[in-house]
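Everything below concerns the one structure shown next.
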Amino acid sequence: MTRIMVINPNTTEAMTEVIGRCAQAAVGAGTVVEAATPAMGPASIESHYDEALAVPGLLAEIARGEVEGAQGYVIACFGDPGLDAARELATGPVVGIAEAAMRTATYLGRGFSVVTTLGRTAGRARDLAEHYGVGRACLAVRACEIPVLELESPGATAAITEECRRAVVEDGADAVVLGCAGMAELCAKISAEIGVPVVDGVAAAARTVESLVALGLSTGSRGEFARPPAKPYTGLLSGFQIR
Amino acid sequence: MTRIMVINPNTTEAMTEVIGRCAQAAVGAGTVVEAATPAMGPASIESHYDEALAVPGLLAEIARGEVEGAQGYVIACFGDPGLDAARELATGPVVGIAEAAMRTATYLGRGFSVVTTLGRTAGRARDLAEHYGVGRACLAVRACEIPVLELESPGATAAITEECRRAVVEDGADAVVLGCAGMAELCAKISAEIGVPVVDGVAAAARTVESLVALGLSTGSRGEFARPPAKPYTGLLSGFQIR
Amino acid sequence: MTRIMVINPNTTEAMTEVIGRCAQAAVGAGTVVEAATPAMGPASIESHYDEALAVPGLLAEIARGEVEGAQGYVIACFGDPGLDAARELATGPVVGIAEAAMRTATYLGRGFSVVTTLGRTAGRARDLAEHYGVGRACLAVRACEIPVLELESPGATAAITEECRRAVVEDGADAVVLGCAGMAELCAKISAEIGVPVVDGVAAAARTVESLVALGLSTGSRGEFARPPAKPYTGLLSGFQIR
Amino acid sequence: MTRIMVINPNTTEAMTEVIGRCAQAAVGAGTVVEAATPAMGPASIESHYDEALAVPGLLAEIARGEVEGAQGYVIACFGDPGLDAARELATGPVVGIAEAAMRTATYLGRGFSVVTTLGRTAGRARDLAEHYGVGRACLAVRACEIPVLELESPGATAAITEECRRAVVEDGADAVVLGCAGMAELCAKISAEIGVPVVDGVAAAARTVESLVALGLSTGSRGEFARPPAKPYTGLLSGFQIR
Amino acid sequence: MTRIMVINPNTTEAMTEVIGRCAQAAVGAGTVVEAATPAMGPASIESHYDEALAVPGLLAEIARGEVEGAQGYVIACFGDPGLDAARELATGPVVGIAEAAMRTATYLGRGFSVVTTLGRTAGRARDLAEHYGVGRACLAVRACEIPVLELESPGATAAITEECRRAVVEDGADAVVLGCAGMAELCAKISAEIGVPVVDGVAAAARTVESLVALGLSTGSRGEFARPPAKPYTGLLSGFQIR
Amino acid sequence: MTRIMVINPNTTEAMTEVIGRCAQAAVGAGTVVEAATPAMGPASIESHYDEALAVPGLLAEIARGEVEGAQGYVIACFGDPGLDAARELATGPVVGIAEAAMRTATYLGRGFSVVTTLGRTAGRARDLAEHYGVGRACLAVRACEIPVLELESPGATAAITEECRRAVVEDGADAVVLGCAGMAELCAKISAEIGVPVVDGVAAAARTVESLVALGLSTGSRGEFARPPAKPYTGLLSGFQIR
């Protein structure tokens, strides 16, 4: 039995439920997914500011997972917030949904496009693509200008599907990456409509963590990603001290 | 039940057996691995020449797999020979062990080194690292100068382990990638000795293909990777005609 | 009169004092520097974890600065934590000491090396160099393995100076960048000893912000760096809500 | 007297004739071009699959050339198939028409565009441009969607010329590279019509090989490109064994 | 009192006056700007040829500045002509307006576009962007096709403003860089109209040099940028001999 | 009969003679090389300053060549000074010896090293390698610290040969590029001693220009490299006005 914790870095429970469902559907029979919602942070992540403030709550969940025996973690926001910090903290592997989605897409052809929510988040997606070494494979980051918490409003699916279609026709994408955890359940439907593979990062990351655990692989901990040195923390965040 | 074909692109059966064993050990309970040896080609792959001539036999195995219902394929040579051609041919996903190993290693820290057999193959590994977008993460390609078919000779394991140790100390690698399918069974042992994660591409690629099949993902087939146009083939290779 | 806020993202007051002194010494007569220490966060920043948890306190200082009329901000930690988020929040320009130091060094020759505290922070410095486009100019990131809060211990200056000297001799650096705000006061002394320009990011960033204010330049706010959309924040961080 | 072998990697004799004529016209008086057609392989190369299966026949021609005293070789297909393997095998220099055309174009201005046959081959051209270091200079790869064996059909020349014209107007290309050996004879005509230099890879590669021979230069053979180690080959390709 | 020499590399006095005025307006109270016009060279710089021939006159001004006690230098042409040579010659720092403008723009957001005079100079701007490491941040180089000496003609400002507006709307630029010293005085006006920060290189470079002098920083002189070795110079340029 | 002008950008006649001899030896029977020495400029080029001041004299030779019917030009200094300006001026192709040598070396294997004169010129060679897209292929730039005009002193050849040998052993270079026109005559001797191909840029560039002329190719002249616009030139350089 493998135990994976999938953390939704925002505080919207309904979204955590979708994410948990998609992750559990993606993994094998012997794997249990726990979907977690942080006790503090923003209701959705649509700016660098939101992302920065989502991290403490996310790290608290990782710390809880360590105590409770989680064997691996998924960070289920397309900005991969707090990924390096989480890797220092966790014993098992940690995977972000943007890195998993983008790397998975590279197995499916030469180029992919990302379809995301608000245009203001495209810069972060571009940054991550460069950071993960897929800058050339990432043909475009397209926004449908629908806020994260309105992804289930009428018309949203049609708008997202239309943007995915444009990725194929205008960018020549071999595959499309959905750029928000909140789009996870649309994956199969859109793929069927547009006729190219569509990658949901939640499912991709859950499978990746599951595989890393199965292979006995986790973050190397002899250098940069060793456990952080213990030291005093002050104020509201004083509980975050490493022991 | 998922059926994956793992193809050893050289013609040495003993190596196919090792590869098959490692791949089967890596995947989940519902997955069956068929390890295949081509009917033509070189006994081992240690040059661009060997690699080029391994491809027809490899593609013949893919064609056979298509007929027999394979759902995904692993190309089990660290040069990832014939990968793009195989993707045109196969209905399911195709993954090379170099790309799987290198991409898997990027989840384990900032940098990895590759430890391979002969120094003359290091250029190909470097090329692939650049091509897959992990050129910066790939800190070094180290050769132990042991030919592929002598990896089981006395002293070989010690020499490989020593080179892996240097990758950690001298390159500052967070993880080590084994640069030959013939090293697959050494993975756990070396990792235990040197204290950093060691990635075997055979296991990594088998898990990756299994995951892609589970997620319903395969190569995008509307552009570059569409089935090749039918046309006459002449001479020895005339049987390779696409219909 | 120009008012610049220089924020030390850790909670060690003694370090804030050094930083404030160096920043004030660097700017022109008409500029007043306010050095700020966050009310929450780690005593020093030596890991991705520390850095992530320093950000909320840092952003609270930016928010306070906005209310009190600060015209520009320096983030005085070599990891440039929270920089993008701060730019969304602030009306005036925000500059990190790593970006200011590295870009300033590019005016001084072809290549520079960074001399930093602990080796485990070198990866972040490398990341930033790539992100800022100075990856090729950055010849090396060298660590003297002295923790941030021991930079004033006996022998520390000598060890740092020695590493700077090696940057010149072994890397062929035209200039050296000091990779920690806590080294700010050593700048002139080391430069005199080794005979090449040495850049302190605190001074460089303070001058850069002062110049941006003088030129009437601030972060473009029509796209990615527009003020974050208002939304509910939960838990400990609920006070961070944008209005 | 310099003897150069120009190998058409497909099995269409009519195309070999055009290629041979263009190569012979390009070289100096003291150089004899032998145009060769492989005894096995595809009638044209329009996919990764075709390209992979063209290589054995091509390498057989190189082996024959070695016996018969060829001093240098051109691989006359724009995918440069088998180039690295051929360099291991040949004593003299080996040049692909894509590398020769692209590098030649870099002497003619800042940027060039490639005009090729089918869109599905554009990815390979892009790959090669990156691999040869001309990714930035290569402004676009444009396809006219005419199959290789229909390049002499009515309307083909007009369509290719039109695409070349767009390269100048829309891409701002200083020069155009023809992306198929089958276009070799159109070069002068198109250049005259559009008023910018047009590079045919067959001519460019023939001149390049001739120059390398004249300068006494050939592939370095002390490392990666040393003669491949001898070993058993099995099956249809058993004749390809290195002795 | 800091003395900065701002050199207009062309011989048009009226342009030198504009440049001097903008530079003086940008620096602090304690800094005196001397604007200089070379005694030889082209009336404007609109080609590689003009740029190459502007350099001797520019270097003569630097040599004069050294004798007269200038503490730093600005090269006020957007091609940054002669920058490396000037750095060898000068004791104090030397900054080009293209590097200052582009690096300054990187503090203002993710991406900027350059708006320049003639399209034929765009290649040089692109080259510099790559050389300075801002190739990715530089979203476009846009030309308004107005010659340098006609920038004050009726309609010029409107045309430049329109091109800046397109940079925002079509390129998504966070900031705009004016690509000619002759546009310096338009900066504030255009910024007010289009609502994003607009960077004038003359002001940016003047502030940068002033800051470098204040920080005690100048070109590293122990390697590549040491004073050039003395040697005979022949002909018209014999007066340029280093002593 | 093809007429090529090979310009030595320094004023040392003895070096012009060596260069002319090597160029003439490299080209075919129907090509006449004219070696030219500028009437003004430095005796040798060993700094950015020297290089900048060599350009006017070099361009005057190009202008003379245009009048006298030269069909192509070689710029015979490893910094490729004035190359872009020369391309605007000349009707025929212009090739620098650094670009020709480096690009030629890329046909000979995966990596080459440059062996040059003074270490202070290595930065320029690195810059050019990046600019020409061979930054990855260029494994090292090695200096033997022998001034250009002392390349014929006793011991010089041995020192250069030794550095070439190190390039093979320490850098793993497949080929070596000689980084100074003054080393042209050593090429065959060093290659024979170290057993890898050694590229002299003078010979390589002469062959390249000869080939471009034979192929009817010259610099594209519809954009950036069109003839420079006519305008007044002042002072010593007033004779350089374009008509």
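The first chain written gets the first letter, and so on, giving A, B, C, D, E and F; residue counts start at 1 in each chain.
The rule we apply is simple: contacts are C-beta pairs under 8 Å (C-beta built on N, C-alpha and C of every residue); 3 or more make two chains touch, one makes a residue touch a chain.
By chain, UniProt protein names: A, B, C, D, E, F = Aspartate/glutamate racemase family protein.
As the structure is a computational prediction, the values presented were derived from the model and not from experiment.
Enquirer: Counting a repeat as over half of the contact pairs in common, which of A-B, A-C or C-E repeats E-F?
Expert: Answer for E-F: the repeating interface is A-C.
Enquirer: Regarding the chain C and chain E pair, does the interface count as same (over half of residue numbers shared) or different (under half shared)?
Expert: same
Enquirer: Between chain A and chain D, what is the gap in Å from one C-alpha centre to the other?
Expert: From the centre of chain A to the centre of chain D is 44 Å.
Enquirer: Averaging over Cα atoms per chain, report the distance between chain A and chain F in Å.
Expert: Roughly 52 Å, centre to centre.
Enquirer: Residues of chain B that contact two or more other chains, please.
Expert: Only 87, 110, 123, 130, 136, 223-224 qualify.
Enquirer: With touch defined as at the start, can you tell me which chain A residues reach chain B in the complex?
Expert: Listed in rising order, the residues are 26, 28-30, 87, 93, 95, 99, 103-104, 106-110, 132-137, 168, 172-175, 188, 191, 195-197, 199, 203-204, 207-208, 210-212, 214-220, 222-225.
Enquirer: Under the stated contact criterion, what part of chain C meets chain A in this complex?
Expert: Counting only chain C, the residues touching chain A are 11, 38-44, 46-53, 55-57, 59, 82, 84-85, 87-89, 119-124, 127, 130-131, 147, 223-224, 226, 228-229, 231-238, 240, 242.
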